[in-house]
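The structures come next, written out as structure tokens.
Each of the next two complexes has chain A plus one more chain, namely chain B in the first and chain C in the second.
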Partner chain A sequence: MTTTEKPPEALAPLSLQPDRAFTDRLTELAGDSFSSCYQCGTCSVVCPFSAQGTHLPRQEMLFAQWGLENELLSSPNLWICTTCGNCARLCPREVDIPGTIRAARDLYVAARDIPRELSTAFESTSRHGNPLGQSARKRAAWASGAGVDVPVMAKLGRRVEVLFFTECYWSYHPRGIEAAQAMARVMAALGTDWAILGTEEQCVADSQRLAGETGLFEEAAAHNVETLRKYEFGRIVTPDPHAYNALRNLYPHYGGTYEVQHYTQFLAERMDDLELHAIPQRSVTFHDPCYLGRHNGEFEAPRRLLEAIPGVDLIEMGHCREDGYCCGGGGGGMWNSSFVADHVDERLAEVRVKEAIGTGADVLAVCCPFEVSLFEDALKSTGNDGKIVVRDIVELLDESHGPAPVAGGASAPG
Partner chain B sequence: MSGRDADPLGGAVSDGILVVGGGIAGITAALEAAEAGVQVYLVEKSAHLGGRVAQLARYFPKLCPPTCGLEINYRRLRENRDVHVFTTAEVEEIRGEPGHYEATIRRHPRYVNDRCTACGACSAPCPVERPNPFDYGMSTTKTISLGHEMAFPMKYSIDASTCLFDDCAKCVDACPYGAVDLHMEEERIQLEVGAVVVATGWQPYDAGAIANLAFGHYPDVVTNVMLERMLAENGPTAGQVLRPSDGTPVRSAAFVQCAGSRDRLHLGYCSSICCLASLKEASLLLERNPEATAHVFFIDLRTPGTYEAFATKVLAHPNVRTTKGKVADILQDPDSGQLVVVADDMVAGAMRRLPVDLVVLASGMEPSLTQGRPAAEVAYDPDGFVAEGADGGGIFAAGCARAPVDVATATLDATAAAMRAIRVLRQATPLPAPTVTVPVP
Partner chain C sequence: MSAEKRAGVYLCHGCGIGDSVDVDALAATARSTGGVTVTRTSRAFCLEDAELIASDIEAQALDAVVVAACSPRVNRQVFGFGAVKVERVNLREQVAWSHPPREEATEELAADLLRMGIAACGYASAPTPHTQAHQRSVVVVGAGPAGLEAAVAAADAGYAVTVVEREPEAGGFLRRIHRCWPSRPNVDTSLENPHLDELVERAVSHPNVTLRTSTTVEALVGEPGHFVASLQSASGATEVVAGSVVLATGSEPLASEHFAAYGLGTLPDVITSSEMEELARQGEIRRPSDGRVASRVAILACDGPSDDANLPYTGTVASMVALKQAVYVHDSQPDAEVFLVYEDMQTPGFDELYYRFVQRQRGVYLVRGHVSSVDQGEDGHLGVVARDSVLARDVRFDVDLVVLDIGMVPTSAPSLSEPVNLHLKYLQGEAMPLERSGFVDSNFLCFPFETRRTGIYAAGAVHRSQDVAASRRDGAAAALKAVQVVEKASTGEAVHPRVGELGYPQFFMQKCTACGRCTQECPFGALELDEARHPVINPNRCRRCGICMGACPVQVISFPDYSVEMVSAMQKAVELPEDDSKPRVLVLACENDAYPAIDMMGINRLQYPAHLRVLPVRCLGSVNAITVTDAIQRGFDGVALLGCRSGEDYQCHFIQGSELLGTRMDNVRETLGRLALEEDRVQVLETSIADARRLPDLLAGFAAGVAELGPNPMKGF
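So, the complex of A and B:
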């Protein structure tokens, strides 16, 4: 009758000597909400890693409560967590679980060697202003291939309505660049008064912050706030939910208060101004980004964009909206895949693409720059390449707003 | 009284007590006060007294049916001329001060008068089937119905939200006593009383609001009050425990404790009775389906005081299994269609996935006065329970209006509230001082 995931591992004897000094340090960074945890296990059941027997983050909350510094900081779970926030959504004690994990990482980063891939991403962010290790001077190179003019603030020398904060993956990643160029064409079609910061832009580094590098985040925030102070603009629009999260919720603490929108929110208000045609892909499923949906409450805007495309049928996955399933990229997960793979059987993106394929949809639509590459890799690693096409929503819109396709002429890239 | 609703009193009444709510606490408070010689006005929102207790299959810990306590109380009510019962009535407003309150009662039309003998002739031709609230929608009744066979008063009533009235009127023709009156009107009744007992009780917390527990999504996820009706001989399955999805006997059930309770996102408090209720329901399940297994998933098993002995007895049954770990996800096995509950087992240190036939959510108790509060100087605590004494001490709460409690506590609570209400009356209209004769030596 009963099935258990794995035989319980032999419990190593623990020295249960609560270290109050350690809990005090955690509390200073994250508040003391973890002290109200009553170990019900809701978090570890609804964690996307639940099926893999990690007991994440129930175990970590217990270690935090007891001040078990070594157990908490040595737990591989500390680096597996993506801060997706599904645990915090349902925690009956309202514990700030992602915040507590982040605080523990902060303490770890200050004292110990972090997983290698992650340290490489941190170093690149520090040195080049992006975690991909690309040249800061080439940050706006993507714009030349857009086929439309992409204005740059420094050259424009006037106020614009929309300052577009491109962020790193749309600036450098090949699949991100395609989405950025599609965005530029949609902006042009809308006649938007917009511009980018170009080479003056630097990584917002919110995921680095969540991975424990608060210092890096603060340096980046100081730089970006300083840069933004030079210009006049109506609002900031960004394609990256993590940047959106930081610009909206954290930058006010660093001297920068702006009207910030995710690109899906900006476009959703303007869908009537865009002439859209049917595209070859008929059925689409949509993956909610954790930092747009669960963390910032926006579930409708991306769906409105998809529903605006004539003939597109949106098929929801079982895990959607508040219950969305993390792609694995947040909280530093984007740069930690080898470490995660060493400790779990299946990556989150691999679980998620199978769920997407299960809907029978032609397209897995996304609107977070991490997701395209994670899902495309996961389709390959699970032997499902070609079973579903991963496209950013803006790519679908770009395809849809162009001239009406000639019969047989248009085809889905994939 | 002879089980009839009180007539409008047509004038001021003083030196009485108003009891709001006709469940076990309200009935008890009314009887205790009346038997001590006080006029009592008992106001009940629905068409019959008995409240949630009438819907139970059994009480814990003795496992006797609710007819036990209720029938004795109904007899006491019938024999007592000092309890004036108003059903289908709500208290709109209470004004005044201890010793002198004016209450406005709004009595909705029952559409059935006192000539009703509960013969049932009206119900047969009625064309409207509606979900039966007494069975939490698991059965249907005609829109003119008796509620249940233990109804008090033993009189039919019409559900105005579903009745076709003059477009149909078949019940009017069918009644041999002329008891159905589709043109009955709403009444407003003014009462003057010295004290008030609020015994408005509880309602099950909306299980659908607990997103991860899939209530409303899978038919085989039910609430504890629904299972209580299934276990009741007068319930929708006549006491059999069957899977709602296909009607087959339940061979395994998972009891999901703290479904909403002790949860700051839902009910911040412990509902206090759910652990015992689940243990009771588990033992009743095993009584009906001896081959079945009952799995109780909990954070802590809370069985206070002498109830510990009941818990020990139930837990000793080999087919009652416990897991320390809250069920936080409910999935469906794609092959068997069976539900799978998922919990992190604190003791085994392993994620547990258990396939079961039925999932029972121990959804907690929410005060009924979360909505529809009367205009009155009544204070509420942050959880919505009545906080006493806000008006200086003439309005008392009893039973689940005051706190989530079990039946036994509710009746004790009601007796205490009646006592305190009587004291207010006596202080407002002091009895003549007794004459004491001191014998002179």
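So, the complex of A and C:
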């Protein structure tokens, strides 16, 4: 099934009655770059949904130009887009396509009912400070299973070098918690002077913002900036590319200017200090997170980590680096999977795991908290469970630097 | 070689030639050839040893010099010795750089090329230039932006200019234009006043310019350097003598009958882009039917699948007109809505910035697709339905006014009821040769300003579709060509592409059969017929291609330094070994593209079979059928004719050369058949100057095909 419900011939002529006020509202939120779109179609070709019969995002740019509020806001494409940004990267007219989609979602959220799953995530974020609907008091519970001490800012009462912003999925999701604990062990091995905010931390909500909930993002930003103001630290390190994007690029507008690093960047600078030995997995392929790579230009750090593990071969997928394929989790896609599934044949994560399997690699390495669960689900739903293992890079490092964490998974002799 | 010639042969060791072939053995070959007075070798004749050649010419009274060194395409000045014939033997690019060194086949190739060069010397006599015609004046036909700019440019160069304008006032199409789009657009820019009055004033007030309005050209006779234009006006007929002509008669909007499907002619509020200019000049844009201000306007580019008649004349100019007229509406009424329906927006270069500027105007909506219908709706509105190519869906909108973006047809186009005509008193006809859409023919790659009537240069919208600013530049450029041709004519020199060539065709009239083929095949109409139906040349119209020489069935046409006999002598200088393992293939290569491409193989150190003998010709069209049949009858195993692409997208520098040759070769094949020889021994091969990478395979392929046919049975007879 595609986004077009009926064959196009059956559609009645579209009445072109431009609503200038609507165009003006969009322009206010996203600038008028969409007016420069000249319908070359490059965006629709490189959109990860291009194989699925959508006109994304070319059609939406046209509706924006024409000021057709109803057409734009009632297009299912508006909620399918993950703001992965491959379209904007190649747009010859430099249209801010993800920004325009976000602006349209803003106008939509203000006036209409959003898909239910998405509204649940918004409500949870608002009520509990995380989209998973988990208790805010349990935000640091993961730390107790790390096997090493995880300092908390409030208890430490002094300046630290690294403030680790854990974000929601590493705090609550079972696979995220495993990665967080691996991170703690790597930090300990490096002897890093670090701490987390613990229960004081709240969701950065960048994906909620991209899904149209700017208000929620602004509340969260106010809260987090206020919290961070209480402490002294050298830099912020976060495992979530979406949080990284907001802390780095948007928080300065909300009064918080920090040195921010994604954890791969932080570790890439310290690989010489970590003694690594070979792990059982020999070949690894790597999935670039959209908001680390394309949106923020970091392609090398995660690869440096993987290449530092002795004996590991990095096999690139066809879609990599600037042309990386989206996992489907960004821009609110993480909380909108049933809506998306109703409108496309195949979810992006399903397409992506097949590409990963095609490389013949043992491991699909990731470094965004959304990806582990999305890809593991996709392996199951496509009947490919067991054909490739999904691991966060930090889990591979954790396995590589210390004694084997699981009995039986003996590390190969160095 | 004729006994009276005294030739010097200069063999160079440099640039790898000495490593590749035995230069001393070549010198011995030269010494044993009749007519060779001096033979010298040097490490590098292009340096101080060039003085040796000059002093030999002086001391030994040489009348020809053979320089066996680099390609004739380089060091032309170094090896130029006034009136003395210089024959260049290409031992560098076509021997040392493209064949294995010191091999027997390479040595044989070098010796043959040397013999060919020495043979050619015998057929060079110093040309007597034709220098009678040199009127330093120009007639400009058409007083629009291109014509006026041409007039000023030629007048500034000191030429007397007569501008002939059919209308009572100068200005041309510019009189109908309200505003021009910016000539140097940036992202935030506004329309420009065309400043018609200033342009006209600048031309008219120039002391060297005479403007004749309400005047037409009734006849044009003569040749570059001396044309006579018969002019007609209300006050009577008059004649103007001019050295050259600029044709700048502009364009006309395409006839309205082609736009009936859009309601043009039946719906009063459907108008043309030309009419829109007049509405815009009124300030407020009011629709014709009821004079109401049009607040919703559709601009239709008319470039869809059913616009065949309009498509050749749309393109950049039409796209920019559509964008500009959208701004007319927007500027006159900020709340107006403009819908611009287009299939292909063509805004190259900086025009792209203007496109972007217009897109960002509030109230301008672009629809990519084609119009399905324009109908009279209710309340006097017009309903437009367009098929949007992005949505694959019809979109509908109501407007007050529909503007059709109508293409500009060159005034030369035969589809017009009265196409412009200079009434050339040429054997080949009164009209200028045209290309397929009716523009005056020229080749935008190789000779953008040359027409097929030497001394007459087209500029502006009759030349190709272009805007006002480009037309003005075009006019200035054409004026410079018009000045150049007169300056060249005054010393008897040819213009593009054989610039400076002095010799022109001579006719051995006693043998002429008055068949007239030369007069028909000349691409430039240089030949007329006298009362006896013998050809008469207008030397300044001639471009020295030699197509007449190739055409003549009885070979009575030759140049002082280029003739069928010379080519034949060169061909005969090639030794044809009786050894069957040593085939020989003659390659007649066009000097314009094919010969440089062969050089390029050498420059890139690409190798090709060493048994090919390359003989440069001025144009494939100059190859007489007898040259080919002679070569085969003498025993060449194959003959390749290597030249430019022919047909609609021809690249021939002389327009028709390779095409005409194709026809001649059909006759040659027929001859081969009579001799019971395989017709595949002779083939026409197309190449371009950029083909060096492909050429080794092309030539080797032909050579292999010839080898398969076995040795030529005529060999040794």
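What we mean here is this: the second predicted complex is superposed on the first by the 392 of 414 C-alpha atoms of A that agree within 3 Å, B and C clash if a C-alpha of one lies under 4 Å from a C-alpha of the other, contacts with A are read in each partner's own complex, and residues count from 1 in each chain.
Basically, a contact is a pair of C-beta atoms (placed from the backbone, for glycine too) under 8 Å apart; a residue touches a chain by one contact, two chains touch by 3 or more.
Please read all numbers here as calculations on a predicted model, not as lab measurements.
Visitor: What is the contact status of A:E322 with respect to chain B (first) and chain C (second): first, second, both, or neither?
Guide: A:E322 contacts chain B only, not chain C.
Visitor: Touch check for A:R20: first (chain B), second (chain C), both, or neither?
Guide: second
Visitor: For A:T42 in the superposed arrangement: first (chain B), second (chain C), both or neither?
Guide: first
Visitor: Would you check which partner chain A:Q65 touches, where first means chain B only, second means chain C only, and both and neither mean what they say?
Guide: Second partner only.
Visitor: State whether A:E94 touches chain B only (first), chain C only (second), both chains, or neither.
Guide: Once the two structures are laid over each other on A, A:E94 reaches chain B alone.
Visitor: Just to be sure I read the superposition right, which of the two partners does A:A51 touch: chain B = first, chain C = second, or both, or neither?
Guide: After superposition on chain A, A:A51 lies in contact with chain B alone.
Visitor: Would you sort A:D32 into first (chain B), second (chain C), both or neither based on which partner it touches?
Guide: Only chain C is touched by A:D32; chain B is not.
Visitor: For chain A, which side has the bigger count of touched residues, chain B or chain C?
Guide: Result: the larger residue contact count on chain A belongs to B.
Visitor: What residues on chain A does chain C touch that chain B touches too?
Guide: On chain A, the overlap between the chain B and chain C contacts is residues 8, 11, 38-39, 41, 55, 58, 93.
Visitor: Taking the complex as given, what residues does chain B use to touch chain A?
Guide: Touching chain A from chain B are residues 211-212, 252, 258, 262-266, 293, 299-300, 325-329, 342-346, 348-355.
Visitor: For chain A, which residues count as touching chain C in their complex?
Guide: It is residues 8, 11, 13-18, 20, 23, 32, 35-36, 38-39, 41, 55, 58-59, 62, 65-66, 93 of chain A that touch chain C.
Visitor: Could you please specify the touching residues of chain C with respect to chain A in the complex?
Guide: Counting only chain C, the residues touching chain A are 337, 339, 345, 355-356, 359-360, 362-363, 365-368, 385, 388, 390-397.
Visitor: Residues of chain A touching chain B in their complex?
Guide: So the residues of chain A touching chain B come out as 1-9, 11, 38-46, 50-51, 53, 55, 58, 90-94, 322-323.
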